[in-house]
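Look at the two complexes coming up: chain A is in both, with chain B in one and chain C in the other.
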Partner chain A sequence: MPDTRAIKKISERFDVESTRYSNAIKATRKKLTRAAVVLTILLVAIIYAIEDEAAFQSKPVSAHHSGFARKCELCHESSFQLPKQILGVESARFEHACTECHEQHLSDHHVNARLKADCSTCHKEHSGNNSLVEVDDNYCVTCHLGLSESLASLESPKSVSFHNSIEAIESHPEIRIKQQLRPDEKNSLLESGENANIDPNGHFVDRTSLRFNHKVHMHSDGILVPPSHPKYSTSDNGRIQLSCKTCHISKSDHTGFEPISFEQSCVQCHELSFSQYLEESQKSLSEPIPHTTPELIRGLLRERLTNYYENNESNLSGTRPSRLPTKPQSRQGSTNRDKWMSEKLQAIEAQIFTSDQSSIESSASSSCQLCHKVSIERSESQGNPPLWSIEPPKIPEKWLQHARFDHARHQLMDCTDCHYTDDINDGRISAVDSTTSKHILLPSIKTCQECHKSKRHKKPAFRGRCVDCHNYHHALPERKDDTRLLELIQN
Partner chain B sequence: MLAFLAMIWTWLLSARKRATKRQLGTVSFWLKGHIWIGLLSVPLVFFHTGFQFGGTLEQILMGIFLLVIASGLLGQLIQQYIPRFMTASLDKQAIPEQVDNVVSALQSKADGLVVAVCGTLFDSVESESPSQIDAIRRFHLTHVRPFMDIHPPSDSVLINSALAASVFATQKQSVSVAHRELLDELFDLCDERRQLLIQRKWHAILHYWTFLHIPISFSLLVLVIIHILTALYY
Partner chain C sequence: MFLAVVSWSVFGLVNADVPESSRVVNVANRKATSRRISSHHYNLGSRSCAASACHGSIKADETNDDLIRRDEYLIWQKSDPHETSFRALSSKLGLEMFHRLGVTDVSGRALPDKEDEYLAQYNNCLNCHATKIGSRERSYVMEGVSCESCHGSASEWRVTHYQESFSELSDHEKSSTGYRNLQDHDLVAQRCVSCHIGSDQANVNHDLIAAGHPALRFELTAYLDQYPKHWKHRGESHKTDGAEAWFTGQTVSATAALQQLLRRANTDSEHHAVWPELSEFNCYACHHQLSGDSWRMTTTFGSSSLKGNEWYVFGLYTIALQRKQTGDERAAMFCQKMDSLNEILGRGWSSDQQSLEASVREALGALERWLKSIDKSEFTAEFLIAAWSEAVSEDHGVLLESWDRATQAYLALYALNEESNDGDGAKILDNLESMRELLSFPNEGSRQLNSPRDFHGELKSNSPEDNSNSTNREKIRSLMNSILKALNSKHEG
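This part shows the complex of A and B:
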């Protein structure tokens, strides 16, 4: 409603003196403001008295650093370095004292790593109790989203197509050992120490010289075992069923598997003996020989043959042994012995190293050639038997050189879920159906991607972060001596 | 940093209000800037904190910041609707600082009107048959005059306009036509007094929210400075 009163009428009630009086509202507000400022400063002082410098921390330090959480100067070596750096003060160094205790450096990853800042670039402290090593993918993606420029600047450009444009696990390229290479890549990718060769189709194949047929050993009907096998008594008509864990034994720290040991996994069926090639009277020579180098085998055989000859000299040489032990053996006797030994040695070694026997059904022993690539290093000469050579099997202890895999965390899966190969003709061949050791029985990245997703994935999935499989610091050195750490805590 | 600059801009409003001699843009313009840039500081602060509340100091800082924003929004709503409401419903307002003076004047005027008709304000000794004048005088002393005080009783029947109209109507029926004009004038004065009472209440609501908003905004200033210094120190 509009005010219809006359101005004069209103003005008659106006008291000019009231303008001298202070505005109560403003005065009260001023007092409250002053009180608020004082109380705030008091509050901060009280908090500082109670929590010390921890009051100014954005969040608690990580659990590993909690022992000196209130000693900020241990990590923050100097003050106001960031403003000094911004202002261009030359002596300003905005770094943390991580290397007081830690050996790792920015250059651990690659000599061309472009990160100019310090450890805190990726390892964010003051984030609560989180592990500092669980770095977010964004820090890796900073470089790995487009590595073309970085790698092209190197003197010898590396595999640009592999490392480039990785944003998350969904865009992770195929594992290199599973890739099919282009003709121009074949020469550039084969590095020293690589565990694989490249077949004419551009696929990687295992370069091991060891021959092994998984399908035979993992047959659903089981495998025949000799009567000497520990499980023969409980076998089903001499057959037992093998599993992956029969030979692939996990390490106690779950970091991988123990190297395959002949003595542990193979000797029960593949005894290195040659008794079937000896005469009945020579069975004493036929004790199994150890799984060792040809030189040592020869030495062992020589020793056995020498012992046997000395015990059966009269039968072997056709002469009477001397009654006088001090009388030396005649030269004719030595020649006969050496000749006999050489002939025997040559025959036995030929059986050991190159026998075609490969059937377990006859419970016969195995020869080296069954599994190994055997060759003659030096031919027979002057009555000396040839010198045999066995190519080292070169079984790699670790296939994924730039990644790690925790088998213990995947124990609910079946081995064949991941251990398979893809043949261009036969499609997917699982480990139990593999017939050749040339197969690299590793999964495609797609197998990992079936379960592991990035944090942007909408549906529930297992996490697939870069740090779950990869390390930035490739060669993790031994930790520094803890003396310095103890000093820091105690002082 | 942007959030801090936004806060600085909002704090400058109080300085602008004091700088009356300089042409630095209208206060209205500065007020709009204060509101919009103040609101802009909210997402800037949340982006700065990563939508987390941090340690002890940061939690207090965030709490006070949100309180400042909330009180500011409340004040903005109050300032937006109450003045219009007051203009629409109150046609007899006075300058807030003059209300007490006006109320005193109204009381004096009411007393004058009654004295002019009744001769005196003082009530006579109880008589067996009070006259109409006594009734009017008694009515004035019982209801009207107390209501005309600077601090009227909270249980006064004249606070409620409908009730007041009913009371005055009842009183008018018991007096002669000659005295009804007096009652009408007293009614008008009571109405004006009532409007001033409402005006004072709304005026308090219009300004009391600043008792929270301004002091804690200065607390916020102090805490932000401490926060910046400690962050740069380490």
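This part shows the complex of A and C:
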């Protein structure tokens, strides 16, 4: 028999009535839940309807890719790409998508750069509106902190003395061209070998064949200018003071300086004239010659001499030449014109190219040899006098091969704050005091480090990130052809 | 007619009342005396010769042999260096010269206390450098050496000389009108040397040369050869080369030079000259390089050092030496007198002026006597070439003892070659050119240096057979030898 003592009637155990009345909280909860679910689905549907797949982005794409924000398939080529990538599936890399438009490659930096990486390793998309190019220092430091280990596996290290512990700008090694080479490094092939030679002390010196003395030109007393100089009228007793800007003219887009132009900067004082060497009757030959190649100068002189001969033929050949040895020889007849021309050409060219006499009109000597390395062919060719030649000066446009420097951003500084050289004996020589063009007037890294600090530095300072000066992809130009880009924009 | 009378009388009256001193007279002529203006002949100026129908035509006549060119004035004006001689006085060099002589300031204005000296100096210049136009009472100077300087003052013969009757006059009659016959080399040479060497009124002494005047080194054939000719070549009398021209030039030059030397050594009370006159010595006795292999060392060092100026006399001396050997007594006398003159001059400034003057007089006298006694036709090209060859036959070095001698030899050979251009002639000309190079004054840019910088080097031996070529003087010697040989064979064959 069941125990009937505790059995209540079901109806007495609970309040049957309670089912008649709903629980407000629960009811609300249920409603909210349902509403939430519906709302969510609705919201997603709406956002998806409005923004397509952009709805699923963690953060907006970077500013430069914002045009393709709606076109996820441009970069995300396969489904589940990210998880696949995390798991290390090779085909899930982002490289292919990037190289559709960009030409950069991992091996741009160094042919043996072995990184298990693709573009997105350093260039993190979906991080907000930042510039993808501003890669954080940490990415660089991963290799450059212990470079010798990774280079040790290379077949023939080019004896580069990369520092082994570059962590930040504070530990950046000295600029290559300011380093003093160790004896075992002296014969190594250096990237700056085109522009610089190595002097016996192991320092780099400029290899250009142009001679220039900054000190003479920037003298604090000023330099004498001839009356024909445009600034003569405002000069102080014929002297004007030159400044760096007088000759180093910045480009209009402020990306650097124009190459020094003889016609703009030099010709007002160093007029290429040679009239003081001519007889009075020949002054018409003596207009200044242009700053051009020896072949063109010869052609110009020939033309002038021919004109002179034709205009003065009667003078040259009218009276018979005297047989007295005390009189100058002047030969008559067109048969001797070539000989006359050849002699005159030789004499005048010798004066133009090598004379070291000052001209009377200007205070500066004006022969080519003053600044250039002049040489002459050994022998005549085809009856012409031997041709002079001038070694091309080869002034480099860019000294720092692997770094960018923006002069426009540094314009509040003084030129000589950075343009100096360090001499063993004389200490620091600024550009204004440099007497030879052999000096490489570039600053040591310490000058940069005075203002540029890394983010660890406590006090306010200018940014000193790797990307501020260096570019990983330094071997290639930055933009491929735009065809693909145009397609994307137009569709 | 009435106007002509009125103006003529007014003109006459105007000038009659004006005192003489303020008439239109060129100030430089105030004290001028000029032998070119004699009492009745005077210069008319080149403009009066320059009518286009006369001597000033643009177009020359080149077809008719017996007519004049008709463009003589234009040739003179365009190419003749004589035309520029007056302007030269106020050229840059001219002004500098006056300044250096101490009579003007830098801009050419006479210094306050030197005005008389300046006038005297200027007049001295004008005597050669200008033609004084107009009569003595009213003369002026505006052109350089022009037509009448050489052809004689034209006041008396201008309107007659183109007429047939004039050409029928005798030489004496022509010259009495003032016309100078330039068909004769002798007369030409005499007129040339009266300026180019000097005369009693034209004296370019060492002071002037030091002030900048070019040194006087006249040689007739060389100068004539270079002269832009405003005449047609008509036979022997117009030859500018050849034995006759050369010899005449030498005789006239030597005479004039000795006469000038006499004036400069004069001890007579009225015209006493100050000796030494440095231009009568060899220039290179003092003006010389200091470098080692100088030719002076071999001839002057230690021995009688300062030779006289041999430029004008040496050529004739060489010929006279030859004539001495063929028995010409007067030539021998001349040589002897020249030797003693050179010996006295060789003593330098310590020579006694009295004895110098006596010696010059004797030499001049001997020269004149010799020249009067000779027949010029004997001095043919063969004779002269032989004379030069003989001069070197014993001693090669004698012609190379000084630059003046070597250059006179060169000029003589040039003239005697007569510029023939056939076969041998071309080779001779080449050799002459090479000789000229070695003798020449260097031309450096715009400056003509005043010394024979390449005339140096030792003559190792003096034998005629020696043909080494190592130094410049030896090169000159071997060139001279080959020229002489070629000339000899040309005239023998």
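Keep in mind that, in the parts below, the second predicted complex is superposed on the first by the 365 of 491 C-alpha atoms of A that agree within 3 Å, B and C clash if a C-alpha of one lies under 4 Å from a C-alpha of the other, contacts with A are read in each partner's own complex, and residues count from 1 in each chain.
In the analysis below, a contact is a pair of C-beta atoms (placed from the backbone, for glycine too) under 8 Å apart; a residue touches a chain by one contact, two chains touch by 3 or more.
Nothing here was measured: the structure is a model prediction, and the numbers come from that model.
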item	value
First (chain B), second (chain C), both or neither touched by A:Gly299	neither
Chain B versus chain C as contact partner of A:Pro290, first or second or both or neither	neither
Per-residue contact with chain A, leading partner among chain C and chain B	B
Which of chain B and chain C A:Pro259 touches, first, second, both or neither	neither
Contacts of A:Phe56 with chain B and chain C, given as first, second, both or neither	first
Partner chain A, residues of chain C touching it in the complex	78-79, 81, 215, 217, 219, 222-223, 225-228, 407, 410-411, 414, 432, 436, 439-441, 443, 445-446, 448, 452
Sites on chain B touched by chain A in the complex	52, 54-58, 60, 88-95, 97-98, 101-102, 105, 207-208, 210-211, 214-216, 218-219, 222-223, 226, 230-234
Parts of chain A lying in touch with chain C, wherever the complex brings them together	277-280, 314, 318-329, 347, 351
Sites on chain A touched by chain B in the complex	1-5, 10, 12-15, 18-19, 21, 23, 25, 28-29, 32-33, 35-37, 39-41, 43-44, 47, 51, 54-60, 72, 76, 79-80, 82-83
